[in-house]
Every structure is written in C-alpha cells, then in structure tokens.
C-alpha cells in the first residue's frame, strides 16, 4: 500500500480536530438557548485535566473494566485508518474495508458494554442492554446504506466509493444521506436517541455506561466518542459535498473540514429543536432508517 | 335323483337345522348326521379299498366320536346356552340368503351341481354359526361344519386327491375338534360359563392418559 | 435324511409324553442338538428330494431358522421349567394323561418342531396344508401351559381363528385343483410351476386369493392378525419366541409357494399388488397399536405383525432376497427379545411397562441385551434389520410406488418413536432398588447367541449364509 | 491414506482399551484420551501429507456394502477441525467427567463417535456412509443420556434419537433412489444417477435429511434439548463438528448433481436467514447457558447456509468469483465455528463443573474465581460475535464480500446479495448482544447467588481452552494459512478458474494486528500515566442508594428483555406483583419455549397420535368380530380379484 503523505496528514488532522466537534454542537445548543455557552475547545481542556488526574476504580470491577476504554479507542483508531477522512485516500484501502469499518465500531461498542457490566451496578446493566438493543437495529440500516453505495460505485471499498466515476446523485443520494444521518445520531448517542448531558441515570444510555470511569480512562473514552463522531460524520460529508465530480481527483481538505463542521452545526440544530424520543419509539426511527436505505437501493 | 343328489340335499338340510337350532343337543345331532352323509359321499368316486377305508374313518370320526366327545364336555360343564347375537327366526332369513349366494356362486363358476352349491352353503353356514353363536361349543361345531363344507367341495372336484393327503386332512380335523373339546371343557371349568362374548379380557382398548 | 428330521422330534415327543420328567428333559436336549446337527449336515450336503419330501433353498433356510431357535428355546426351557415347576402348579392336559405337566409341555414342544420341519420339507401343497394345521394344533397346548384365565382365552382365540383361516386355505387348495382341471397334474410344487401356463387363470387367481387370506391369518397379516398379540403375549416366553421366530416364517413359506405358482403362470403383478396392500396395512395397524402400548410383550407381538408386514412388502416389491434376509434377522432378534422378556417378567412379575423400574440395577446383563435387542428390532445399523429395511425400501422406490415407500418410512418412524420411549422408561433408574440377584447364565446365553447372530448379519454376512439366502430367494422368486 | 487408517485404528483400539480398563478409571481415561490425541496427530499428518489420490477400498460383505474411504480437499476442511476439537474434548473430558465407573464407557463412546464422524467425512460408499452416520447418531445419543437419572435428559435423548431417525429416513430414501437409478452404491457413480433424477427431488431430500442433522430452523428442535443434556465436552464436539456432517452431506450430494438452478441458492439463503435470526433470538431468550449456546449453533449453521446459498446463487448466475468467495466463506466458517463454539462450551462446562448451576440469573462475578475461563470465554464471545481480531470476523467478512460482489453485479444476484447482507448484519448485531450478555452476566459484576466455588480450574480443562482461544486469535490475525486449506474445495465447488484468497484476507488480518498493537500501546500509556498517581478503590456509584445488593444487578433475562419483546418470540411471563404497604414477596419469571416446537411440532404429533390410536379400537377382544374381519377380508379380496 503506497501511503501518500496526504493520507498521513489527513489522519493527523482528524486526530487533532476531532474533539472540536462536540464543542461546536454544545456551542450551537447554547446559542439557541440564548446562553453564551462553554468554549469550543472545552473538550481539549477536559482531556488535559483528566490525563493529569489519578483514578478511582470500583471494588466490584476487574480487568475488563480497565481494558474497556483502551480497546475501544484502539478499535476507533484502526477504523480511522480505513476511513478516507481527510478528503483524499485512506491509510489502508482494500476490498471490503467498509465491512471491517462497521465491525471495528462493533468491537469498540462490545468492549464498552462489557466494561459497563463489570461495574456490577444495575445502571451499567441498563445502559448496556439499551445500547445493545439500539445498535442491533442500527446495524442493518448502516449495512443497507453501504450496499447502496457499493451498488452505485461498483466497488465495496471507501476510497473507490468516494472517488468513483458516478457518485450517488438525485433522490437515492437524499435517501441514503437521511439514513446515514439517523445512524450518525444513533451511534453517537445524540438527542433523538439519548441525551448526552442528562443527570438522571435512568434515562441515559451511553453516558451511564461510562459512569464509573475516571481519570485517564474517562479521557480515552471521551476522545474516542469525539473520534467516532468524526468517522461517521466523514461518510455523510464525503457523500453530501459534490467532490470529485467524476474526475476522481483529490478534494481540497478545507472544503472537507467546512463540510464536517457544518454537519456538527446541523447536529446541534437538531438537538436544540427536538426533545428525546420515548424509549419505545426509538426502534421505529431506526427501522425507518433501514426503510430509507432499502428504498434508495430499490430506486438506484 | 340318484343317491348322491339325496346325500347333498341331506347335507343342506342339516345346515339349515344347525343355523336354526336353539339347543346344543340338536346342533350336535345335526352335525353327526351331516358327517355321516359326507362320509357316504366319498363313494361318488370309483370305489377302491382306500375310498372305503376313508369313508369309514370319516363316518366313525364325524358321526360317532365327535358327538360323544362334545356331549361329555357339555354335561361336565353344565353351562347353559347363551342367546345368540342373531335371533333364531332371523337366522332362517340369513340361511335362505346364504343358499341363494352359494347357488349363484356355483353357476358363476360354471360348476352348477347341487353338491357344489351344498359345499358353498355349508362353508357359509359354518361361518355363520361361529360368528353368531356365543358359546364356545357352538363355535367348535361351527368349525366342524365349515371343515365339512370344504371337504364336500373337495369331493365335488373332478380329479381326486391322493389318499395320503385325504388321511392327513381327516387326522387334522379330528385333532382340531378333539383339542377344541378339551379347551371348551377347561374354559367352562375356569370361567363357569362358555360364553365367549363375556370372555374378552385381552384387549388394547383401555383409554390411555 | 429329510424324513429323519421330521420323525426324530415326533418320536421323541411321543416318548416324552409317556416317559418321566427326567427322560423328557433329556429327550428335549438331545433332540434339539440332534436336529440342529442334522439340519446343518443337510446344509453342507444337499439332499436329493423324494416325491413327497424335498428341501429346496427356501425350505432349508426356514428349517435352519426353526432349528436354531428351537435349540436356544430348549436350553432356555431347562431353566424355565425348574423355575415354573417350583412356583406354579400347572396342569393342562394332565388329568387326561395322568402325568406330570412338564413331559406334556416338552412333548408338544417336540411335536411343534416336527410339524414345522414337516412344513419346510413338504413338496405337495396339500401335504403342506396338513403340516401347517399340525403346527397350530401342536402349539395350542403350549400357549395355555400355565392355565391362567387370560392364557386360556388367548389359546382359544388362537385355535379358533387359525383353524378357520387354515380351513380357508384348504378351500384355496381345492380351488387350485379346480384350476388344474381334468388334467392329471398332482399338486406338486415343481410340477405345478412347470406347467403353470396351462392352469385356468380365473381359478388360479381365486385360489391365490383364498390361500392368501388363509395363510395370511397364520402369518399374522392385518386384518387377520387379531389372535397374534393375545397368543404371543400370554404364552410362556420361550413358546412366544418360537411362535414369533419360526412359525410365522413357515406360514410365509407356504404363501410364497402359492405365489411362485402364480408368478410362473404370469399372474406375478396381481400377487405382488396383494402382498403390497396387505403388507402396508399390517405395518400401519401394527404402528397404530404400538403407540402408547403399555404391555411390553404385546409390544413385541405387534412388532412381529409389523415385521411380517415389511416382509410381505418386500415380497410384493419384487425383492425376495430382502424378504429372506429380513425374515432371518427378525427371527433371531425377536426370539432373543422374547426370551429376555421372560427374564423381566420373572423378576418384576408384571407385564406392565410402568411397573418395570430400575431394570439396569436389577438385571444388568438382561437390560444391556434388552436395549441392544430393541435397537436391533428398530433397525439401527450395527444390526442386520437395517440392511433388509434398506433393501426393501430400494425395491419399493425402484418399482416406482413412491407413495408406498413414503408411507412405509413414515410408519417406521412412528414405530421408532412409539417404541423408543417405553424402552427408555423401563431402563430408568429406581430409588431403593434391592441388590441385583445373580442372573443364571442359562437365561442369558440363548438370548446372547441369537443377538450375536443378528449382529453378525449386520456387520458381515458370511459367504455360506449369503449363498443360502440367494438360493432361498431363487427358489421362491418363481418365474 | 495409511496415516488416516492408522488414526482410525488408534481410535477404535483406544475405545476398546478404555472399556477393558473400566474397572480402573485412571487407566481407561489415559487410554481413551491418549488414543484420541494420538489419532488427532496421525489424522492431521494424514491431511498434510495426503498422497496423490489417497483412498482405501476393502470388500465388506453387506448388501451393496464396500469399505471405501478417500481423502479429498472437501473432506479435509471438515476433518481438520474435527481432529483438533475432539482431541481437546478428550483432554477436557478427563477432568470434566471425573474418574468414576462411567469413565470407561464414556471414552468408549467418545472415541467411537470421533471414529464414526471421521468415516462419515471420508466415506465414498453409500452403505458405509449410512452405517457410520447411524453409529455416530447412536454414540452421541448414548453420550447425551449419560446422566440417565434425571427425566429431562431422558426426554432430550428420546427427542434427539427420533429426530435423527426421521432425518436419516430421508437420506435412506435418497440413497435408495440413487442405488436404483445407477445400480451401484459407490459415490463415484452417483452423478450418473442424480443426472437422471429430477433435481428438485434430490435437493429437497438432501436438504431435509441433512438439514435435520445440521439443525436448520424448522428442524432444529432437538438441538437445544440434546446439547445441554450432554456432558460439556460431548456437546462441544456435537455442536462443533457433528452438526457439520449435515452441511458436508448437502455439499457432497449437490456436488454430484448437475449445476443447481438459482432457486436452490435462494432456498438455502432464506433457510440461512431464518435459522440465523431465529437461532440468535432464541439464544438471547434462554437463561440456561448451554441452551443459549445450542441455539447460537443454529444461528451459525444459518450463517454457513447463507454462505452456501450465496455460492450457489453466484454459480447459477454465471459469476464463479462470487461463488468462490461464498463457498470459501461458508467452509471457513465451518472451521471457525468448530473452534469458538467448542471453546464456549468448554467455558460453560467449567462454570457448571465449578458451581453446579447453569441458570445465568444465579451466576455472576466468576472472573475472580476462574480467571483463565473468563479470559478464554471472552475470546470465544468476541470470536462468535465476529469481531475483528478473531477468526469469526474472517469468515463473515468473506460471506459479506461475496454478498457485496453480488450487489455490485446487480440483477438477480443483487437482490440475493442484499438479502444475505440484511440477514448477516441483523444476526451480527444480535449475536453481539447475546454474547455480551452471556459473558457479562456470568463472569462480570457480583455473584447473584451464594456460590460455593473453589479458585482456579483443573489444568486439563484450562489447557484445551487456552489452546482453542489461541487458535481463534491466530486464524483471526493470520488468516492466510486457513485460507489455503479452504481454497481448493471452494474452487472445486464454484468452478472458478483460479482465485487468490490469502491476498484478499491479508489486510483484514493486518488491521486485526493493528488493533491488538494499538490496545497494548494504549494500555502501557495508561499504566505509565497512572504510575505515580493515587489510585483508590471505592464502591460502585449507586446514585446514592443506601443499600445496593448484588441481586439488584441486571440479570440475563432483563438484559435481553428489550430485544426479545421487540421481536416478540412468544415469551411466557409469570409475574407476582408486590402488594400491600410493606410488600413481602415479588417474583418475575420469564420462559421462552421453542416456537417451532410449541406451535408446529407438538400439535402435529399429538394430532397424528390421536388419529393413529383411534385405530386401536379394532383390537377390542371379541372373537366373533375377529372372525368377521377374516370373512370381510376374504370377500373384499375375492371381489377385487374376480372383478
């Protein structure tokens, strides 16, 4: 694999800029609420603070609790290597890397859920059970969208899909984007599915799983969450913006960054305008995402 | 109306008497007369000393020995004769029907002699007695009559069976009714009655859970 | 030599009848061994047949089966008679003969063997009929040896139904003579087959139909099977072993003789259809009556009806070799199972399956053989019945009647489910089981030998046995 | 071929020896386990050094019988995992079963089971195949009912025996038809027979017959009853290898037929989806560990069926490359499933051996007592949930690639590919749920009931588990070796000219290594960070609740409740609400009976039994009626004859 310099630059950019996204979303929510809101770089400060702190481990937890954050971040970093996140080709690209990408996300979810169960508290179990339930329904939607992309692009590798001669356009594009946006919100536990900054453990999903982590572990987890947002956002962005336009040439990184920040803003807007869905209504939304992707497949 | 026609008619009349008889003694006497008639029928074939020997044995066994054996068993068991499934009068109608069928059958198989019709009628009568009478005695007599019918059918055949087979046949019939007599004696002693309708313990009918 | 095989047991029987208990027991053992030796000798050096008596392949096969089973039953009887004499005073015919019951029992056992040998060896169809009637008469006193009310009822039903059936068979024989017509053709098997073409087809078909019903009653095909479960479950176990293992085969032999004549006269298709219909009906009726059966001896009896149905189906599907192999396998397995059921009955004093608990602790050797025998009779591979069932199915599918094959497979599966459950219930452990009493080898050895015969046929059919089966199939294969 | 026959001999001789020494359990255990391990070594050597056309042909005097076995690449794919897993199972069985009077017969049956499976995979004669097939069924039945005392095991054994027998009936019908058509029982002549038989008949007979053994969804009913009843090392071998004989049967029989039409691939794919989703849903709904693992075997068989369906759909639509990838994925999943399912059953067995409890709701926090089992069970769970560094991902990756290639190809195969993707993704998500539940509830958190558990596991149990976990990781990280084993048979089945499978799997393996290396790096980074700092331990945050109890943790049924209720598979719930001011007792219990059994098989069989036992009335005991039967039969026959 000839790894050009641009791919490495994109990889580094992603690592650096990922924590910005949550900051932007919180800033947009604050703006809508008439508040000034915390600084966009708040997550950077938190990370620096957490990495400097000690840690408190629950007496009930064991080895898996400590392995959770580490393995989850490792999986996300590997997923980043496969995703052409910077506007050019990705570090590693081969037939079927979209499958590996999906299953790396599944691996990070797997170890986070196990870490939550290891705390021995009923809240950890509750969060884990809901997380597993929603991701089981989100998975088919994600794969159906990938199928649509693969069918249009005639190949099933991210690079070839994004740089393909005839990208997805027209109604199929809209349908796939809608589906992927719903999956983006579900996977990153944004508002319609889960409220990231709620205080009532009974309602949390993602937050309650990481409730017991502290110090450097919590830093790794928050950084992982930001990275995950970047990854899934990159897919939506690379599809939405009219890159390449059939030439298959490299797209300017600046345009890509603008796109991903715009996506963050859109997510912030959605979060400000909607309240959390009732738990029993969430599966309906995920199924609608699958329907959208299926419709896209039919149409294209 | 040669003698053999007469003998065939006697066989038929005995069958009718059997089907309609209400008391066991009458049935035994009718079976004895029929046995004698069948024995005499053997002389239809060209007479050789084997034929004479055979018919004498038949008469001795069917007309003399069986009635004596059955009467002994009957007195010892002191069993009263249970009513048959089919009323006596109605059995007359069945006799007529059976005779009609046997005549039709003998014409259908183009062997239309009275003896052939008589043979079929006796076989059917034997079946009827076994099926309709409840007492074990009457079943034994029914079997005897059935055997007689088949023997008569053999007589009516053009070519005669070898003597050894005839003898074996007779020996078997004798042994069969002999053992039946003993069995009836034991059943009547064991169950105090010989009504086979009541003796039906061996069955798979009891309902399962 | 052939007539010796018949006269030897007959004479021994007569001697036993009037001799003392010791003489009778000695005669039983001696005759069993002598008869077996004679039969095996006749296998090695085929005998030239006479006018009345001759041994073709089929006759020889069924004679060997009868002889082997009789030897096993004879040795089992040694232990059985000591046991039963000590426990229950039984006198069936003794008042007439004024002697101990045992000699009478042994005498009729020997008469039974003599009559079966007579059936296998007779060439003349009329003579064969006489022999078959003799087997019935010889076996009736054996069934009601213990003179319990139930065995008397069973014996009477057996006698009455079989005699009526056999009388019909005699009628069939006379129909056959009518079919021969005026020509002086004696009812000799080979002669009949040679000029079968000249027989009047209408009479021949009628003769076949009547003899089929007659001998079918003796063979236990549905709907004439009604006597079989009663007789085989109420008789002493060694008698039911002989009844199931050897007697049913003789009835099948006589039926196949008449079938061969029909096939030679070109009516093979017609007779095959009759065999197939009655065979399948027997399998269906037996399967229905085996489901949720609560008496293990009746279960074995119905299994005999089912296996006779399978043999009839094999004959009907045009696979005489499969029919012969299945008859041999079935005889060995069923006889072994009946002998074992005798052990179980003696230990648990009840024929009800739910009364038999903790068989494994109580009778370890019997329970192992019982489980193996049940697996064998259900057609699991290491045993021979699997192959004969497979061949029957192949013949059925080959001859194109797929529905019959489907029905047979379904019924076999139903029987498997129906039988496997009670057998597992019998082997279940029971709490508070008394120490297992020593099982006398006289009760185990015969069943073990018979079981190993069927295992041998399952694993590896030796060449001489193969030859015997092939010649038997050829003898009855007919035209 | 000599090595392979040596392996078979080693198995049979060691089986006999273990019976002979049954008086001295230690000796019989040594003979049995040693024999099995030796046979495994010989067998694997036979696979590696197989000669040009290795086959052994001995006469066998059984009607149509011929002892004809041969090794070919397709058999090798099934034999390799069999030898490995059976050897591990033998070692595991020594300490799991303990040394008692049953050890001798246990190893006799276990080694005979291994030998019969080996013969099933290599038999080239229908009679030998059937004999080995039924002996395998008989040995596994006797092993399932080892614990004969409790009625549940007996019932499970009975259901298993009847199910296999019915399945075998279809196979017997198939072989009988073939024997009649081509006049010989040699598999070499079967193509001639199957060419003249209608393909639908052969396909349906083999899918039903072999599907019943493989455990396709409608026929799987015996699997969740039989596997939990068997001792763990036996259920590991049954789940890992024995149900694969069904898959092997289908592949072998269809390879004799002319190239199957498109609908056959569609049929297998739809069976795969139903079995996959249905199996994992019922695995989620079970509280008994081994029942859950048994249902997940049904799911994995569904995944294999998806791969095969993809293969045949690809072949039918002329795309041999899709066919190749589909078959390669299915065959690789056969191997992978054998390893990780065996590992999981060993883990469940170790838990049962230590605690005597199989109900997950009463277990928990076992990682403190059984660290090795916990670690290996974690590896097994990750592998079965098809997560990257492990082997489960590699085979599903292949099936996915085949499906995506079909989607890219478009037209008919496209929709087939989409269906496969949908089935696989749903099954993957649910499998992750099922096995996070299994591992989390059993090994993590606090013990939910008082458990009398001694620390650590016997070495003979830990060894095989570690070995299998290492094997799963090795195939996951370096898939090119396993790919080489699978390439040839996949080529043979798909008819593709040439395909470079190792290079297709290489990147997936490399990224697996990347994940492992990154985790290690981050682990040491974290350890260095915390080196100097204060690391305290405190009770878990219970949102301020004053007296948190271990029983307040999420249990297996509550963990699965959202998913199980969403898909609605007939869970029966028994609830006793607390009532009164000071409620004393409340109880919630949920039970999920098998939907196929309760809705389809039970009513069907009761109906049949009802109808058949109505025939019993003919045996009522009255002699007169009996004689009427004879008369009626005579009249009927005469009328039919003379008409």
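Labels for the chains are A, B, C and D, by order of writing; each one numbers its residues from 1.
Here, a contact is a pair of C-beta atoms (placed from the backbone, for glycine too) under 8 Å apart; a residue touches a chain by one contact, two chains touch by 3 or more.
Note that the structure is a prediction, hence the values are computed from the model and not measured.
Looking at chain B and chain D, the chains in contact with each of them are C. Measuring from the average of all protein CA coordinates, the nearest chain centre is that of D. Per-chain CA centroids place chain A at a distance of 79 Å from chain C. One inter-chain figure worth recording: chain B and chain C are separated by 30 Å, centre to centre, where each centre is the mean of the chain's CA atoms.
Between chain C and chain D, the centres computed from C-alpha atoms are 44 Å apart. Centre-to-centre, using mean CA coordinates, chain A is 100 Å away from chain B. Those residues of chain D in touch with two or more other chains are numbered 613, 616, 619, 623, 627. Of all residues in chain C, those that touch two or more other chains are 156-157, 160, 164, 206, 229, 289, 292.
Contacts with at least two other chains are made by no residue of chain A. Going by the touch rule set out above, the chain pairs that meet are A-D, B-C, B-D, C-D. On the side of chain C, the complex with chain B involves touching residues 52, 92-93, 96, 124, 126-127, 129-130, 133-134, 136-137, 140-141, 144, 147, 149-150, 152-157, 159-160, 163-164, 167, 170-171, 174, 177-178, 180-182, 184, 186-187, 203, 206, 229-230, 233-234, 289, 292-294, 298. Remark: chain C residues 156-157, 160-161, 164-165, 168, 202, 205-206, 208-210, 212-213, 216-217, 223-224, 226-227, 229, 270, 274, 284-285, 287-289, 291-292, 321, 325, 360, 375, 380-382, 386-387, 390-391, 393-394, 396-398, 405-406, 409, 412-414, 416-417, 420-421, 424-425, 427-429, 458-463, 466 touch chain D in the complex.
The part of chain A that touches chain D in the complex is made up of residues 51, 53-64, 66-67, 69-71, 73-75, 77-78, 81-82, 92, 94-100, 102-104, 106-107, 109-110, 113-114, 117-126, 128-130, 132-133, 135-140, 142-144, 146-147, 150-151, 154-156, 201, 211-212, 215-217, 220, 283, 297. Interface of chain D with chain B (complex): residues 613, 616-617, 619-624, 627-628, 631.
Contact residues on chain D toward chain C in their complex (touch as defined above): 60-65, 127, 130-131, 134-135, 138, 145, 148-149, 151, 154, 157-158, 161-162, 165-166, 169, 172-173, 175-177, 179-180, 608-609, 612-613, 615-616, 618-619, 623, 626-627, 629-630, 632-634, 637-638, 641-642.
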